[in-house]
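Below: a set of structures, written as structure tokens.
Next, two complexes with chain A in common: one pairs it with chain B, the other with chain C.
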Partner chain A sequence: MQQPTVSNEPSTTIEKIVDFLDARVGLKEIQAKMLNEPIPGGSRWAYVFGSILLFIFGMQALTGILLMFYYVPTADHAYASTQYIIHDVDYGWFLLGYHFWGSSAMVVCVIAHMSQVFLWGAYKPPRELLWLVGLALFGIVIGFGFTGYLLPWDQRAYWATTVGVEMVDKVPLFGDFLARFLKGGPTPGQMTLSRFFVIHVMILPAALMALAGLHLFLFRVAAPAGPFQGTPEEIKAKTDYFFPRQIWKDMVGMAAVFLTICGLAFWEPVVLLEEATPDPGEYHPEPEWYFLFYFQLLRLKMFAGEFGQFMGAVALPVLFMALLVALPFFDKDPERNIFKRPVALISWIFIMAVIAIFTVSSVINREFLD
Partner chain B sequence: MLQPKLKSKVRCTDCDIGEVSKVILDPLSHEISHIVVSMNGSGERQVMMAMVQEVAVDLVSLHVPSAEIVALPPFKRDDYVTTHEVEISHLEDRLDVVPGEILVPFPDLEKDVKRRTFFMNFTHVIGFLIGLPIAYPILRFIMKPMYAPFDNGWIQVGNVSKIKQDDVGTQFQYNKKVKEAYMPEADVEKSVWILKASSEVLEKFYEDKDQDFHDASGKVIWTNKKEFPYIAFSGKCPHLGCAFKWRKHKTLGQVFLCPCHLSIYDATGKILDGPAPRALDALPIRVSASGEVEIIDMEFKAGIKNQIRII
Partner chain C sequence: MANERDSMSPTMIGLGVLWPTCWTGLPIKLAFAVLAFALGWLELEGRIGLAFLMLLGSPFTIFGVPLIAVGLEGHFGEGIGLPLLFLLAIPIDIWAFGIVARTYFLERFRKEPPEGLGFKLWWKSAVVGAFFLPALWFVVSLVTEVAVSTSHSLSQMESLRLVFNTGLPIAERIGLEVTIWGTVSFMVLAVLLTVGISWIGRIIRDIANVAPPLSDNYQALITRWDLMRVPSDQAMFMTAITGTGVVLALLFWAVLPVTTPHPHECCAQEQVKAEPPFKPIDVLSQNEEEIAKLEALVLAVEQSKEPGKTATENGKGKGGGKVKSQKTEGSPAVTE
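And now, the complex of A and B:
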């Protein structure tokens, strides 16, 4: 930002409005603070995912609000109103498709964002809180996915919820209460739909906005971590501000994500299955693709029986999250270079490989079921 | 060493040269890297901290002659931004360049510390007075329909003439009338698997014991007799609640197979393979003289060894 050298008299109306606001709320200083954030070592494509996630959330909020103009969260109308959106409302298929594929994009970008932070060692002190709030946001994104796909009230919705809630039931002591609380009764029905609807459109968005705000605040307080190698002189020499180079990269990333989601909404439109009932007919229940690996994992012999069930449905995800929560507190080694952190690198590759292998094998398994 | 202060005099080895007009911070180390010296009307120079020999309260002494400072290029203001225009957290934390403190008077009425403590506690009390009475109603409000009594009514599901072969699972679909809270009564499509069992299968299934079914209070409401040839299995997989099917397995033959997590059961409902923790759940079944099958629709909690009835 250039220091204003001469105090020019505002000429155009827009300049007058801007000056009026600036005098009262310090607009220019806020803008300067927003844009002039030094990025150590300079802007990078690897840093685009946070901004992209914010963009995807904005679009999910927009399309979600629009869907609520027609959607009715009742067991006898949810399916019909969703079909109405798809088949009768102008561009309903597109907005619903965008919302549907947007959720997938959200999961992909969350994984990318977390991977980047993990590989760059950016969760290490002093950024522990930033990492923790990020994990909470990850949980919220998963919660969005889980509550969201009950809402169309089709077969996929019904079975994903049935299985998901049965897994919650396996939590020691509180499991039965939690499962009944989520279902609003002993079996999935209207109360379940109402609950999932409120959680999906009110509680999770509010929580996400609050925590994303906190995440950004903590990010600004802690400052970007920058690259994991290079001398301070090299890093300083390459440092630039958030605007314009990083914002340009973020915008290109957003455009790419937007076009991808539009393309998917266009070429892979949402098709509902039969309306939800406890009798699936010939349908083989399956969760959304990003839960497929976990679905396949639960088929393993090692998760058989009551104890195995508990291990697979409760202990495994809880332990995994606990490990991520504890990560910045036990990994105190200031070394951030991923190529000098073999355990971290191998763990990441291992987790990604498990996700990939189990996703693929669940897809292969489909053939053997028919 | 003290930090150089704004307005401090700057003295070279030979003479005073001006005063500190600005300081420049290193954005990475957050230390002062340069001072800017205003030379009594003849421009400003940017002086590295390395040239500073000593910093006193009002005086910065350099270890170079004034000629060397004058020879430096003029300070370029445009190469810098103020700390108000850029977001570098904690930049001013270790900085002490502002001469003195900027103060506003503390109101007289605010000087009574005891009263402040009282008000703080009072706020908490009011908070609890609002929060506690509303917490219980909220909890009860969101828990309303979580528990429902069991429905032990018999439901007609079809005729046994549908079963073509012994020891083969046959799916019977039926509609259960469900009245949930304020909703209109609705038909929920459900299914049950019924088997006409041969004597070996019956023996294997009952292991010489009749099977009792209980209501919520533990009273026996029905007994499936061990010699009765029809067995009904709840359509819900005891693994995680999916719906299983009767399928031909390439090594195990005809089996009940759940497509979700691949639990496999034989015709008697016993586990052959897969992650299920217990055998399929049998239901109370009776068949009228004309062959009409009736069951009591029960569901049990999935994923655990013991049967715990939920509806």
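And now, the complex of A and C:
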């Protein structure tokens, strides 16, 4: 009896294209490397934040480009062009709302991702470099929020930037230079707007893409840390590849975040205040909500005066970031289970409680000022 | 290992099932919530966080939310979208409860999950929520109210003037007050939530106690619950998911308002009345009709003035009458 012959020749056009590319760039090898990453203990919802952050960045880039078709980065036209986007451009209000809430989502997801890495003990050797690059990425995300806040050029934008630049001014040695560089003059004006715009749409995206690439490379080199508890038998039994289960979880996470941002854009669309002027009038300067806790912290009496302001605006955040940078180097205990690391657990709860308490306090303080 | 399973607390069991159940159904519920927003069926004002939590916890809050809204005047939002959303959440939550609880039975209890587990857990959890959530709402609201007023009085105590010359500064006072009432409210909320979750845990444990045990080894169990989550016809599943996504996306873009549904005072657009379309043929025929009418009118006027004209000619002479008649024809040059 004649056996049917199995041909390896590509039959469809797509297969032919894939074979053509594979022969030239090693497509199948790249695909295997990307998707067949083993995840100790199997896929988890806790691991989705990294992918979600990449997704949010992609969406921010897309909506940002669409907004740039209409936005004019000049002191004369920034406010009017933003109003034009909100009121006249088709779906402009939704795009701007998505971009605005997307930046908040990015900050929330960065903090969630950092918390997960911290609580899972995934910053410990051999993943120190991964942690450090992650911290740099956190700084870039905060930079995006700070520089993007000025662009609508309304009172809120103008005064939040003024306060922010004044804080930069208090940094010893190069603070004065940095503040003058950012402002480009004695008061925020055209030069400030131009510089913030360039930093927001050119420098920070480029830095983020480069560091995100490095972060992914280091992640692949060090391999996923896996769960912090469970017997080796359990972890081995559950170990799985990145594709398809983790990818599926990532996609569901992305969809949930996308829908949440859309919901927020509907719930609270961007509404501008009066156009920026050097006179605050009745307006009480206030930063974006994720900086509110810090803004309220600086209102404490202990941070009043020249020395107090330096301590609050410079020393405290620098010390906090230095602690985070040094964390994998002084925490050499291989134990990763968060329930067996009481100092780490209490520190995390304390920081989250401070953020929550001072954010709520800031909202109450706002009502008090009004 | 068996001892560890038997000694699992009801709170751990309740949390182990409820937490993933709430999150499993959320993305689907969110898709409907966004559609309701786009259709203008949902207004949440300042309580989006609370509404989100209620939607997230809908396996537990489904009957409790209307009771709070009616009985305790708890306001979550406006619009037909809110009750519709909670109605749609029912089948989603039953499905989510089923998939999570079956996994939990296999992995943690090592017991055969009974038939209809999702529905059984959903209605029991919803009934518990109907009693428990309004009680929790009432107690936490009351405690928070008392704690806020007490902390406010505490921060204004005279003895604090000894520490600060002019009393406690504003920012410190607010921070202290929030810390006091926030801690008290959070503790009460945490304790009550633990009681509620433990209640659900007991229900799950009672069902597990009568379920038959499994003799498979751990690897076989993992494979079973893992495969349980993977649809048998993956191509059909992906097609259905993609199709639903495309339909929802098209529906979303169809109902999404083109211009902002929240116009700003500064930028109110002028209400321009649309002019009727210009139809040259109609206009020409109208003009012709008008001219014909006017012509007839002039003719009628001239004819009616015929006897008078003769009288004028006789009385005033020829010149005056000629000038008047020429003016009517619209030729001012003649008069000069």
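Rule of thumb we're sticking to: the second predicted complex is superposed on the first by the 363 of 370 C-alpha atoms of A that agree within 3 Å, B and C clash if a C-alpha of one lies under 4 Å from a C-alpha of the other, contacts with A are read in each partner's own complex, and residues count from 1 in each chain.
What we mean here is this: a contact is a pair of C-beta atoms (placed from the backbone, for glycine too) under 8 Å apart; a residue touches a chain by one contact, two chains touch by 3 or more.
Small disclaimer: the values here were computed from a predicted structure and weren't measured.
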Since both structures carry chain A, what do chain B and chain C do when superposed there: clash or fit? fit
Would you sort A:S361 into first (chain B), second (chain C), both or neither based on which partner it touches? second
Does chain C touch more residues of chain A than chain B does, or is it the other way round? B
After superposition on the shared chain, which partner residues are touched by A:G263: those of chain B (first), chain C (second), both, or neither? second
Output check: A:L300 vs chain B and chain C. Expected answer is one of first, second, both, neither. What do you get? both
Using the superposition on chain A described above, determine whether A:L132 touches chain B (first), chain C (second), both, or neither. neither
Chain B versus chain C as contact partner of A:Q309, first or second or both or neither: first
In the overlaid three-chain picture, which partner chain does A:V252 touch, first (chain B) or second (chain C), both, or neither? second
Can A:P40 be said to touch chain B (first), chain C (second), both, or neither? first
With chain A overlaid, the minimum CA to CA distance between chain B and chain C in angstrom is 7
Contact residues common to both interfaces of chain A (with chain B and with chain C): 299-301, 365
Chain A contact footprint on chain B (complex, rising order): 27-29, 77-78, 81-82, 84-90, 142-148, 173, 178, 180-181, 183-184, 186, 188-191, 235-236, 239-243, 259-262, 274-278, 299, 301-305, 310-311
Inside the complex, what are the residues of chain A that reach chain B? 1-3, 29, 32-34, 36-38, 40, 74-76, 159, 162-163, 165-167, 169-170, 176-177, 180-181, 183-187, 189-191, 220-223, 232, 235-236, 239, 241, 277-280, 284-286, 295, 298-301, 303-306, 308-310, 312-313, 365, 369
Under the touch definition given earlier, write down the residues of chain C that touch chain A in their complex. 20, 23, 26-27, 30-31, 33-34, 37-38, 44, 48, 169-172, 174-175, 177-179, 182, 218-219, 222, 256-264, 266-267, 269
Residue ranges of chain A in contact with chain C within the complex: 45, 83, 86-88, 90-94, 233-234, 237-238, 252, 255-256, 259-260, 262-264, 266-269, 271-272, 296, 299-301, 356-358, 360-361, 364-365, 368
